[in-house]
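The following pair of complexes shares a single chain, subunit A, combined with subunit B in the former and subunit C in the latter.
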Partner chain A sequence: MHLRTGRRAGLYLAVAVGGFRRYAAYGVATAAGVFTNTAFGFIVACTYMALWAERPGLGGYDQGQALAFVWVSQSMLAACALLGGGFQEEVQERIRTGDIAVDLYRPADLQLWWLAADLGRAAFQLLGRGLVPLVAGALVFPLALPADPVRWLLFLGSVLLGLVVSFALRWLLALSAFWLLDGSGVNLVAVVASVFFSGMLLPLTVFPGGFGELVRVLPWAAILQVPLDVLLGRHAGAAEVWRALGFQAVWALLLLGAGRLVQSAATRKVVVQGG
Partner chain B sequence: MGVDAGVDAGVDAGVDGGGPEVLIELHGVEKVFAVRRRAGLLRREKHQVRAVDGISFEVARGEVVGYIGPNGAGKSTTVKMLTGILTPSAGRLRVAGIDPARERMRLAHRIGVVFGQRTTLWWDLPLKDSYGLMRRLYRIPRARFAENLERCVDRLDLGPLLDVPVRQLSLGQRMRGDIAAALLHDPEVLYLDEPTIGLDVVSKAKVREFLRQLNAERGTTVLLTTHDLQDIEQLCGRVMVIDHGRLVYDGTPAGLHAAGAAGESERMLVLHLERELPAVCVEGARVVKVEGPRQWLAFPAGASAAPLVAQVAARYPLSDLSVREPDIEDVIARMYAGRG
Partner chain C sequence: MAEEVLVPAARRDAEPIRRAFGAGAAGWWGRAGAGLRGYRLIVGMWIRSTMAYRASFVLAVCGNAAITFLDFVAISIMFTHVDALGGFTLPETALLYGSASASLGLADLLLGSSERIGSRIRDGSLDTMLVRPVPVLAQVAADRFALRRVGRVVQGLAVLAWAVSRLEVEWTAAKVLLLPVMVVAGAAIFAAVLVAGAAFQFVAGDAAEVQNSFTYGGNTMLQYPPTVFAKELLRGVTFVVPLAFVNWLPALYVLGRPDPLGLPDWAAFASPAVALALFVPASLAWRAGLRSYRSTGS
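Up next is the complex of A and B:
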C-alpha cells in the first residue's frame, strides 16, 4: 500500500510537471501576459494611491501595504486563474466533444489528475507571469513587503492552499458542462464573482458591516485575500496565521469533496457526449 | 507486479482448459439513455433511447473481431461499456473476468483503448513525454517499458517523431502514436474505435500491418469498430454487425457478403454528364439512380471498370466520373434487402 501511494504520487507529480511544461511551451503568450499584468498593476496602483491619499488607513492598510496588495495580487492573478484561462475551459470542451471519455478510462483519479495539471500550470504562471510584474512594481512604488523569510514561506503555503481552493471552485464550474454543455455563461458569472469576492477589485477588508463579514468568509477570500494578509502581516501572532491557513484548508476540503460528489453524479447519470 | 501474475495465470488457464478461453463476454446487455427534448417553451419531454438493445456475444482470447454498423447503431456505446466508462442498464458483461463498470481501474491495466477521433496524447508536449506518463500511469516496470516502446517505435516508424510536439503530427502519425500509447502496458485486449478514419492509404496499410503482427506474435485480442470494409477483410477473422442496438450478424467476413442480396458485392460508377440525359444504356452495368446530369451505374465488384468507361465515353458526353468501392453501409443495406 505504501509503495502504491508512493508510485501514485510519482504519477501526479509527472502530470504536474507536464502541466508546467505545457504552459512554458508558449513564450509569446507568457510575454503578452506579463505585459498585461504590469500595465494593469500601474493603473490599479495609481487608483489605490489616490484612494488611500483621500482615506488613509482604509481597510486597515497604510499606503505601502495597499500598493503591495496591488502588485502581489497582480502577480498571483494568472496563477489563480481569476479571469479564467486555467483548465476549466479545456475540460468543458472535452466534455462537449466527448474527449472526456479518454480521461475517464485512464486508471487514475480524474479530479487529482486535473488538480495536478492545474497546480503545474499555476507554478509556471506564478514564476513566468508573477515575478516580472512584482519586480517592476517594487522598482517604481514603495511596497511594504516583509523581510522575514518565515513570513514568505507562510505566504507560499497560503498561496498553495488558495490555488487548491481556486481549482476546487473551477472544478465545479468545469463539471457544470455535463449538464449545460456550454460553459461560457457560467464562466462569465464566475469571473465577475471571483474578481470581486477574492479581493482582486478592492481588498475585502475595506467593506464594512455585515457585508464585509460575509465576503471575508466566502471561499473566494481564501484565494487572494488570505494569502495577501498572511504576507502583509495582518494576523497578530502565529495562532492567527494558523487560523487563516486552517480557514483555507477547510474550504479546500469542502469544495474538493463537493466536486467529487458532483463528479460521481455526472459520470453516473449523464451521457458522455458524442459517439 | 500483481498485474503480471494475473496475466500469466490467464494465459495458462487458456492453454490448460483445452478450448479457447473466453475473454469478452456479453449477455443480454442493454444501455438505455434518458434524453430530454424541448417540447414547447418551458416544457421538456423525457424519452428513452435504447442505444444497445440486448446484445450477447463472446470473444475468445486471440481473436480479431470487427464490430461494424451504421452511425448511431450502438458501436461506441458498446465499447464504452467494455471499458467501464458507461454502466449497462441491464445484462451481464465481463472482460477478462472483470465487471468493467465496477472495477474500471483494475480492468484498465489489462486493456488498451484507441479512440480514432480522440487522442490520449499530450497535445502541446513531445510524443515521448506522453509515453513517460503512460509508464507511470500503468506502473510499467522500466525494462518492460523500454522493450515495448522500442518495438512500437520500430514497427510504427515513430523514431523521428518522438521529440515532436503532438500538435504538429499529421493525423496518421498521431494515430500511430496513440496506438503505441495503448500498448505499452501489454494489454490482453485492444479496443480500436475507428482506427483508420481519415488516414491515407499508406497510413492505413501501416496500421493494419502492425495490428496483424501484434495479434500473430503476442496473441493480443483485438476488437475494432470501423466504417472501412478493407479493415474487416484484411484483419478480421470474424465480424459482428450491429444495427439499432441489436446484433444482426455474427460470422466470417465472407459470410457477410453471402448474407447480402445478390451474394456478390457491387461497385458503383458515378458519371457526371455534360447535361441531363435519360438513363444511359451500357453492357455489364445497370443504372440505379439518376440525379440531374449525374448517374449511378452498379456493376459487379469483380469486373473491371475500364470497358464500361470506354463504352460511356464513346457514346455519351462525359465531363467527369468516379468509382466508388463497396462499403459497409452498402453491404449492410444489401443484407437487409436480402432478408426482406
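Up next is the complex of A and C:
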C-alpha cells in the first residue's frame, strides 16, 4: 500500500516536472512575456502613484504597498493564468477531438494529472516570468516589501493555495467542453471575470460598499488578492493570516470537489468517435 | 527568398486570376487595389462563416465589449475615491479612454488577425499565401477576420460619446473636427504598430507577445492622463514610438490643456501625418520580413 502511494506521488511529481520543463523550453517567449509584464508594471505603477498621492491610505495600503501590489501582481500574472493560457484550452481541444479517451484510460487520476502539470507550469512561470519584473520594479520604485522571511514563506504557501484555486476554476472551464464542444465563449467570460474579480485591475479592497464586500469573498479573491495581502501584511496578527489561508483552502477544496462531480458526470456521458 | 524560388510558375498560372482581380495593371496602385479587393473578399467569407453561428457571435461581441468595459469600470471606481487624477476629471479621462479604446479597437478589427502570422510561419501554411494572387499582407490581415472585435470599437465610441456630453469645453469647429480625425488617425498609428509587429514575427516568432506591450500596453497608458506618467515615459511614447499622437496630443488640444512636454499646439493636428510617416518604416519592415521568409519545408 505504502509502495503504491509512493509510486503515485512519484508519478505526479514527474508530471509536474514535465510541465515545468515544457514551459522552460520557450526561452524567447518567456523573455517577451517578461518584457510585457515589466512594461505594464511601469504603466500601472504610474497610475497607482497618482491615485495614492491623491488619496493616501486608499484601500488600507500606503503608496509603497500599492506599488508593491502592482509589481508582485505582474509577477504572479502568468503563473495564475488570469489572462488565459495554461492547460484549459488544451483539455478542451482533447475533449473536442476525442483524445481525452486516451487520458481517461491512463492509470492515473485525470484531475490530479492536470493539476500536477499545471502546478509545474506555474512554478516555472513564477520563476521565469516573475523574478525579473519584480527586480526591475524594485529598482525603480520604492516597493514596501517585507524583510521578514516568515512573511515570505506564508506568502509562498498562500500563492500555492491560490494556484490550486486558479486550477480548480479552470478545470471546471475545461470540462465544460464535454457539453459545449467549443470553449471559446466560456473562456472569454472566464477571463473577464478573473481579470476583474481577482484584483488585477484594481485591488479589491478599493472596491466600494457592498459590492466590495461581495468581490472579496468570491473565489477569484483567493487567487491574487489574498496572497498579496498576506505578503503586504494587511492581516493584523497570526490568527487573521491563518483565516485568510483557510479562506483559500476552503475555496480550493470546494472547487476541486465540484470539479470531481462534474468530471464523473462528464465521463458517464462520454462517447468517443472512431474505432 | 522563398517568394523568388517558389513563385514564378505559380505566378504564371495565376495570371488569369490576377487579371480578374485587376492586378494585371502593374504598379503600386494596381497592387493596392488588388490588396483591398482581396481583403474585402476574404473578410466577406469570414463574416459569412461567423454568421453561421449567430448566437455565439452575439455572445462573443458582448464578451468583447464587456472585457474592455471593465477597464472603464476600474477607472470609475478610482474616481469614486478622488475628484481628479493627475488633474483630470472623470469626463476628461473618459475622453482619453474612449478615443484610445476606439482607435485600438478599429486597428485590431481591421488588422488584428496579423498576429496569427507566427503560427502560419511555424506550420508552413504561409507558403500557400505566397502563391495566391493577392498581396500577402492583405491575406494575413484578413485571415480569420474576427467581426466580434467590433465590440471594443462600439464600447470605446460609447464612452467617448458620454465624455463629450459631459465635458465643459468651448467647442470650436477645429475641436469638433479633431474628434473623428483623432480616432481614425489613432487607429492608423496602432495599425502601423500591428504591421511592424507582424514583420517582427518573421525574425522572432516566439516573441510575439512583445507587440502587446505597444498595443494593449500603449492603450492602457493612453487611457490615463499624460500628467500621471514620468517625463521619460512620455518622451518615449512621443518621440520613439509616437503613441502620444493616437489621442493624448489631440485630446489635450480639445480640453484646452498644455502638453506636459511643451509641444506646440499644431502637434495636436499632426496625428494623420505621424500615422503616414509610421507606415514607411512599418511597411519596409514587412517587406524585409517577407523577403527573409524561408519556409519550414517539409
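The rule is simple: the second predicted complex is superposed on the first by the 270 of 275 C-alpha atoms of A that agree within 3 Å, B and C clash if a C-alpha of one lies under 4 Å from a C-alpha of the other, contacts with A are read in each partner's own complex, and residues count from 1 in each chain.
To be clear about the criterion, a contact is a pair of C-beta atoms (placed from the backbone, for glycine too) under 8 Å apart; a residue touches a chain by one contact, two chains touch by 3 or more.
Predicted model only: the values in this text are computed from it and were never measured.
A.B. asks: Based on the superposed arrangement, let me know which partner A:Ala25 touches: subunit B (first), subunit C (second), both, or neither?
C.D. replies: first
A.B. asks: On the A-aligned overlay, A:Leu214 touches which partner chain: subunit B = first, subunit C = second, or both, or neither?
C.D. replies: neither
A.B. asks: Have a look at where A:Val206 lands relative to subunit B and subunit C in the superposition and call it first, second, both or neither.
C.D. replies: It touches subunit C, and subunit B stays clear.
A.B. asks: Between subunit B and subunit C, whom does A:Val135 touch in the aligned arrangement: first, second, both, or neither?
C.D. replies: neither
A.B. asks: Under the stated touch criterion, which partner chain does A:Gly10 make contact with: subunit B (first), subunit C (second), both, or neither?
C.D. replies: After superposition on chain A, A:Gly10 lies in contact with subunit B alone.
A.B. asks: Just subunit B (first), just subunit C (second), both, or neither: which does A:Pro107 touch?
C.D. replies: The answer is first: A:Pro107 touches subunit B but not subunit C.
A.B. asks: Tell me which of subunit B and subunit C touches more residues of subunit A.
C.D. replies: Result: the larger residue contact count on subunit A belongs to C.
A.B. asks: Touch check for A:Leu51: first (subunit B), second (subunit C), both, or neither?
C.D. replies: A:Leu51 sits against subunit C, while subunit B stays out of touch.
A.B. asks: Once the complexes are superposed, what residues of subunit A are shared between the subunit B interface and the subunit C interface?
C.D. replies: In the superposed arrangement, which is not itself an observed complex, subunit A uses residues 26 for both subunit B and subunit C.
A.B. asks: Please name which positions on subunit A make contact with subunit B in the complex.
C.D. replies: 7, 10-11, 14-15, 18, 21-22, 25-26, 97-99, 101-102, 104-108, 267-268, 271-272, 275
A.B. asks: Write out the stretch or stretches of subunit A touching subunit C in their complex.
C.D. replies: By the definition above, subunit A touches subunit C via 26-29, 31-33, 35-36, 39-40, 42-44, 46-47, 49-51, 54-55, 58, 182, 184-185, 188-189, 191-192, 195-196, 201-202, 206-208.
A.B. asks: Would you tell me which residues of subunit B are touching subunit A in their complex?
C.D. replies: 33, 35, 76-77, 80, 83-87, 104-106, 108-109, 113, 115, 117-120, 122-125, 129, 132-133, 136-139, 165, 193
A.B. asks: Of all residues in subunit C, which touch subunit A in the complex?
C.D. replies: Subunit C residues touching subunit A: 56, 59-60, 63-64, 66-67, 70-71, 73-74, 77-78, 80-82, 84-86, 204, 206-210, 212-213, 217, 220-221, 224, 227-230, 233.
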